[in-house]
Every structure is written in structure tokens, then in C-alpha cells.
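Two complexes follow with subunit A in common, the first pairing it with subunit B and the second with subunit C.
Let's look at the complex of A and B:
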């Protein structure tokens, strides 16, 4: 294994994604500013203005138009990036389905933020969870380093001829988007070798006309959508391949999920995004006290890594699933519903409870996570579940 | 009508519902959407071609001295009958 010496840069999550996009030699960026993502595309526009990046920046009047422009450019064969958050992602909703349905390998950075009303600009996962069925590959980063690394890998995954689906790289609004961390960045030529220019199979080209987006009636629609459904499920294999290749040049190991201290764990927390960092730190402390706890962090939320999850959970007896978004009226919230469905499918008897936390950017503290671990340990011990869904820190 | 022959399965279809062959909508016959069939009374027709101009589906055929309907594509909207200045087109219910 050859590890290329890398330099270290102090970057926020937004800047790290922008820097990765520059190195990925993106052709077209169409975006509309929205907190907490704004800086991401602002930095890209600066790169283009300074001549550091040879790309077309399309200023649009809304996120709906941003995604529409991205779809057109992607169909024409360009490597395309956009960024958004919250209300912007919600406004894009219709076009998200068209991007995946037309098999456009667009990469989008999402600085996850709460949805109105009431108006709130801070971080939670309501935005992407609201679009979780849109057919995109959905990746959640734990820290700024991961945001950088996943953005580069995202293009490789999206453009693979076995995939050809859009990918969203999610970072927690403000917690990651605006926090400066030391980031190991690759040299431009290393990224260029990993990610050569896009080679589209089919493009819209006036000299060789095709029809894209034609109406598809009851006799064909189901087959076309099934094809997309299968492709998304099978993309897990490609994602894993890409992470292996990326590891060989960066020395950083990625997968569809990360299992921390899970080998002999009896109680565990499962979560996505930056909270995994806090959970791992708390678990480390509890391990020192001899408590058998672990953490499972999903990097890839869609397609849901079912087999990997079952393997990671091992012989765990109790599990707390942390959701940073509400699924109003549902028996469990989004992430927990997926976990429980998977456990049912694999006939795995684990006591699971769901914790909703951090809505509208409210902090989740190490003490609160410790409390969740302690409760999970108690359930593992007694086998008795007190509540199926808990709401961390909400006042009566 | 619609399309004749075996329909492709999900494994054979081009990705994303793309149509890789230009002009392939000719193969997709929409005549069976029709509930009413336009019948032209050729004796009354003055060949003014208003129906040919107004037909949204290009389903009016121009002949030497008169017009006819291409029933493979006519969806039976009745615009031709409505626009005809000599009222020589009647809409007759289809008995499929």
C-alpha cells in the first residue's frame, strides 16, 4: 500500500466540500445560497472567479432551478455539483426524484438544517429525512475530514456505470458546516488519478438525438422504476469498492458503516452524523469503567446497509437508535424504523428504543449520551423496555 | 392498439426510460385512447383543411381532393368536428 504524503489544511465543513469539489474537476455548479450551506458554493464561486477552477457557475433564482440546471448539465455529460440545505432541499424535492429517475450522477453537499415552521436555521436531519425516498445515495459525514473524503468518493460512486445515481453528502449544519478542523487533503494529481474525467455512456447531443424524460405509461413505468430500485440497492457493492480504492491512496478507511467497540458489546447506540463522534468518546469512557458498550455509525443511509448492520450488531442485547428528525405520526422515527425493519427481517431479537434528540440545533451533551448508554445497559441486563420512543431533553 | 409485440422487462430497458431511437413515438399508437370516432362525410367536405390545421395530433391525412383520419393516432378529441365550417365531421361513439 502506497500512502501519499498529504498536507493539512484548516477547513470548515463547507470549505472542505468546496475544496474537494475543486479537486474533482467539476464542470458545472448551479446553486442558490441558503444557511448553513451558503459558504460551500460561495467558496466554489471564488475558485471559479480566481481561475483556480475551470467550471461554469450558474446563478439561479431558486433551488428548484438549481437542481433543474444540474440535471440538464449532467445529461449533457458534465460533472455536476450543487449544495443546499433545509427549505432549499424541500424546494428541490420534485427535482430530486427527476435527477435520480433520469440517472444523473450529480453530487450534492447538504448542510443539514431544521425545517420551518417555526423558522430555525440550525442543524438537524429533518431536511434530508424528508427526502429520504428520493432515490439518491445518502451519505452522512461525522466530521470535516469525512466530508472532504466522501465528496471525492461520491463522484466516483455516482458516475460508476453500474450506478449512475445522484449522491448527497450530508454534514450537520453549523456543527460541521461552520467548524474548522484539521483536514488531511490529497494532492490534486492524486485526486485526478482516482477520479478521471467523467465518461458518460449516453448524453444529449443534437447530432445523435435521443429522448429523455418522455412520458411513461402504466405499461412501462413500473419496469423503469424497478430498474432504478435495483440499481440503488446494488450500489452498496460499488460504494464498498470505491472506499477500498480510496483507502489505498489516502490511508483512510471507509465503509458503509463504522462499528466502534462492538466486538463484545452488550449495549449500543446507533446514529448518523456528528453525534457519532460524541457517542464514541462517551463509549470510550464507559469502556474504561468496564461497561460493554459500543457505537454503530451509518455512513451510508440509503441504500440501507442491512447485512452490514446485522453483522455489526453482533450479540448486542439492547440498542438505542438516535434520530435527529421527527417522522410525524409514525410508530418510530425514520432511522429507527429502518433498524427495526432490518432486525425483523433477519429475525434478530434485540431490545430497541428510539431517542429523538437535537432538533433545531439543540446540543446533545456527553452526559445525555451517557444517560442513554446507562439506560441501554439496564435494558440489556433486565430485558425490560420502559419506553419505545424517548425525547432527549425536551421540557414539559 | 398501443404497441404491438412483447414488452421489454426491466433488465432490457435503456436506463431512466430514455428513448434512444428518434421518432419512435410513431410506434406508439394512441388510437385506442379514443372514445368517439370522427367520421367525415366526404360529400359535404369542402377540403378547406381547417381540421388538418387544428388537429393537435397530426391525425388528419391530406389526400388529393379531400381529407381522411388516421385512426391509428386519432385520440377522438373532436376539435376537427368543432372547427369544421360545413359540419361534415360527426363524432360517433366507439364500440371497442
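Let's look at the complex of A and C:
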């Protein structure tokens, strides 16, 4: 295995994604600024203005237009990127389904943020969870390094002819978007070799007109959507292939999920995003005390990696699933619902409870995570669940 | 050095995010791992703000906020008495403050015993060296005097990269002078 020497930079999550986008030779960026994503597209626009990046930046009047422009450019054969957050993603909602339905391999950086009302600019997962069934591949980064690495991998995954689906790379708003961390970046030519120019199968072309997104009545619509459904599920295989290739040039190992200290774990926390790092740090401490705890972090949330999850859980007896968003009125919140659905198929013996945390940027502390581990250990020990859904750090 | 957490106190517009980031970048050059993040939220010029830096020999996994810093750096001298700058400061911690008064006096004002206190008149240095009342970078020199969190070489390199030309050299001079002039009590 050849590991290419890389230089280390201090970048925020937003800057790391922008840097990756520059290296990926993106052709078109259409975006609208929104906190906490603004810097992401601001830096990209600077690259384009300075001549460091040969791309078209389309300033649009809204996120709905941003995604519409991205779809048009993607259909014309361009490599396309956009970034958004919160209300911006919500405003795109309609176009997200069109991007996936038309099989546009767009990559989007999302600095996850709470949804109004009440107005809040801070980090939680309400925005992406609100669009979780939009047919996009959805990846969550734990730290700034992962934000960089996944952005590069996202284009390769999206543009694979077996996939041709849009991908969102999610970073926790402020916690990652505005945090400077060490980032080992690849050389430009290494990225260029990993990600050659896009080779679209069909493109729209004024000299050779075709119809895209034509009306599809009850006689065909179902089949089109069924193909999309199957393709998304089967993309896990491509995602894994891409991570293997990326590992060979970066030395960094990715997969659809990460199992941390899970070998003999009896109790575990499952979560996505930056909280996984804090959970691993707490688990490390508890392991030193001899407690058998581990962490499962999903990198890929859609498609949901069911079989990998079952494998990662090993012999775990109790599991706390952490959700940073409400699914109002649902029995469990989004991530936990998916975990329980998976366990229903494969492992009904694991005791699961759902912890809602960190809404609107409320910090989750190592002490709180320790508390969740201790409760999970107690459940593993006694087999008795006290509550199915708990709320961490909320004043009732 | 396992993990050192620093909290910066200043006011919006004084370059708190900038110095926190410069410190992190210098740590990176030293081959360490670092995080630098602002107090999350809207920026408000003139209002009290905080910035945070984590530095470690090992990769930093934690992504929660900093509640018990090892070091507090007070960039704006008018904050003392108005903002609880020693909130959560860990035992045997360190306060590095921009103050015209000496560390003994400041220690009494802060009412701390198990904490080292360093002071420097950063405004005086900024006016004399930079010719402008911008004293955030000088506080990096005082911090290094109190605790060798990063090497002076790396810090100077980052400053020169961040502020090319004469501005960078003046900031380097301000940092070095603050390093000389900072005095402390254990």
C-alpha cells in the first residue's frame, strides 16, 4: 500500500469542505449563504475569484434556486457542489427529491443546524433529518478531517455509474463548521487521480434535445422509483469500495460505520456526527475502569447500513441511541427508529433506549455521556429498561 | 502534555478568534493536535466574547465545550470585575491577563490562591511597537512566558504567514516584548 505524504493544515469544517471542493475540480457551484454554512461557499467563491479554481459560481436568490441550478448543471454533465443548512435545506426540500429522482450526482455540504421556530442558528440534526427520505446518500462527519475526506469520497460515490445519486456530507453546525482542527490534506494531483473528470452517461445538450423529468403516470412511476430505491440500497457496496481505494492513498480507514471498542462491549452508545468523538473519549475512560462499553458511529445514515450495524453490535446487551432531532409524534426519534427497525429484523434481544440531546446547539458534556453509559451498563446488567425515550440536559 | 484547554476573554472585534486560531496553528507546526473554536453564535462588536483552544500530543476526540480550562487569557483589561474570568478554572490553573497592575495585585482582586497569575501591559506594548491599540497578539507572548504551550519559533512562523510583511514583523516584535515584560506569581 502506498501512502502519499500529506501536509497538515489547520482548517474549520467549512474551510475543509471548501478546500476539498477546490481539489475535486468542481465545475459549478450554486449556493446561497446561510449560517453556519456561509463560510463554506464564501471560501469557494474566493477560490474562483482568485483563479485557484476553474468553476462557475452561480449566485442565486434562494436555496430552492440553488438546488434547481445544481440540477440543471448536473444534467448538463458538470461536477456540481452546493452547501446549505437549516432553513436553506428546508427550502430546498422539493428540489432534493428531484435531484435524486433525476439521478444527479450533486454533492452538498450541510452544516447541520436547528429549524425555526423559535429561531436558532446553532447545531442540531433537525434539518437533514427532515429530509432523510429524499433519496440522497447521507454521510455524517465526526470531525474536520472526516469532513474533508468524505467530501472527496462523496463525488466518487455519487458519480459512480452504479449509483448516480446525490450525496450530502453533514457537519455539526458551529461545533465542526467553525472549529479549527488538524487536517491532513492530500496533494492536488493525488485527488485528481482518485477523481478523474466526470463522465456523464447522458447529458442535456441544446443541439441534441432530450426530455428530462417527463411526466410518469401510474403505468411507470412506481418502477422508476423502485429502481431508485434499489440503487440507493445497493450503493453501500460502492461506498465501501470507494473507502477502500481512498484508504490506499490517504492511509485513513473509512467504512459505512465505525465500531469503537465494540469487541467485547456489553453496553454501547450509537450516534452520528461530532458527539461520537466525545462518546469515544468517555468510553476510553470507562474502559480504563474495566467497564465494557463501546461506541458505534454511523458514517452513512442513508442508505441505513443494517447488516454492518448488526455485525458491529456484536454481543452487546444494551444500547443507547442518541438523536439530535425530534421526530414529532413518533414513538422513537429518527435514528433510534431506524436502529430498532433493524434490530426487529435481526436481534430482538438487545435492550434499546433513545436519548434526545443537544437541540438548538445545547452542549452535550462528557459527564452526561458518562451518565448515559452508566445507565446502559445497568440495563445490560439487569435487563430492565426504565424509559424508552430520555431527554438529556433538558429543563422540564 | 496530555491535554491543555485555554479560554480567551475579550470583546467582539479584538481578535479573540484570531489569537485562539494562531495558537492552534502554532501547535500544529509543533506536531501537536489542536482545536480552536469561538463562542458559538452571532458576533457582537464590543460585547464580551470568549474563544477556546485545545492542545494535545494525541488526536483530540472530544467535541464538547470547555468548562474547566487550565489556562485563562484575559485580552481586555476592562473585563476583570465585570466577567467571571476565572469561572471553572482548574486547580493549579493559570491566568494570563492584560493589566497595567502587577500579578500580586491582580491575584488579590481575582481572589485566587491555587492559581498562577501573569500580567503584561499589552496596550503599552501595542502602542509603542505597532503604533495602534491592537494588543491581542502581544498576549500570545505573555502566554508563552507563563507556559510554553507552543514554541516561539512556530508562533513566529504562523504570525509571519498570517500577517505578511512589516505588519507581521511588528506583531512578532510585540509578542517578543510581551514575552520579556510579562511577570508572574505562582
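General observations
One rule holds in what follows: the second predicted complex is superposed on the first by the 394 of 396 C-alpha atoms of A that agree within 3 Å, B and C clash if a C-alpha of one lies under 4 Å from a C-alpha of the other, contacts with A are read in each partner's own complex, and residues count from 1 in each chain.
To be clear about the criterion, a residue touches a chain if its C-beta (ideal position, glycine included) is under 8 Å from a C-beta of that chain, and two chains touch if they have at least 3 such contacts.
Keep in mind it's a predicted model, so treat the numbers as computed, not measured.
Of the two partner chains placed by the overlay, only subunit C lies in contact with A:10; subunit B stays clear of it.
When the two structures are aligned on the shared chain, A:216 is found in touch with subunit B, with no touch to subunit C. Of the two partner chains placed by the overlay, neither subunit B nor subunit C lies in contact with A:289.
In the superposition on chain A, A:364 contacts subunit C only, with no contact to subunit B.
Of the two partner chains placed by superposition, only subunit C is touched by A:281; subunit B is not. For subunit A, the partner touching the most residues, choosing from subunit B and subunit C, is C. For subunit A in complex with subunit B, the residues that touch the partner chain are 101-103, 164, 202, 209-214, 216, 219-221, 223-224, 226-228, 230. Those residues of subunit C that touch subunit A in the complex are listed here as 21, 24-25, 28, 33-38, 40-42, 59-65, 67.
By the touch criterion given at the top, residues 8-10, 121-123, 142-143, 172, 174-176, 178-182, 274-275, 277-278, 280-281, 284, 361, 363-366 of subunit A touch subunit C in their complex. Considering their complex, residues 2-3, 7-11, 13-22, 24-25 of subunit B touch subunit A.
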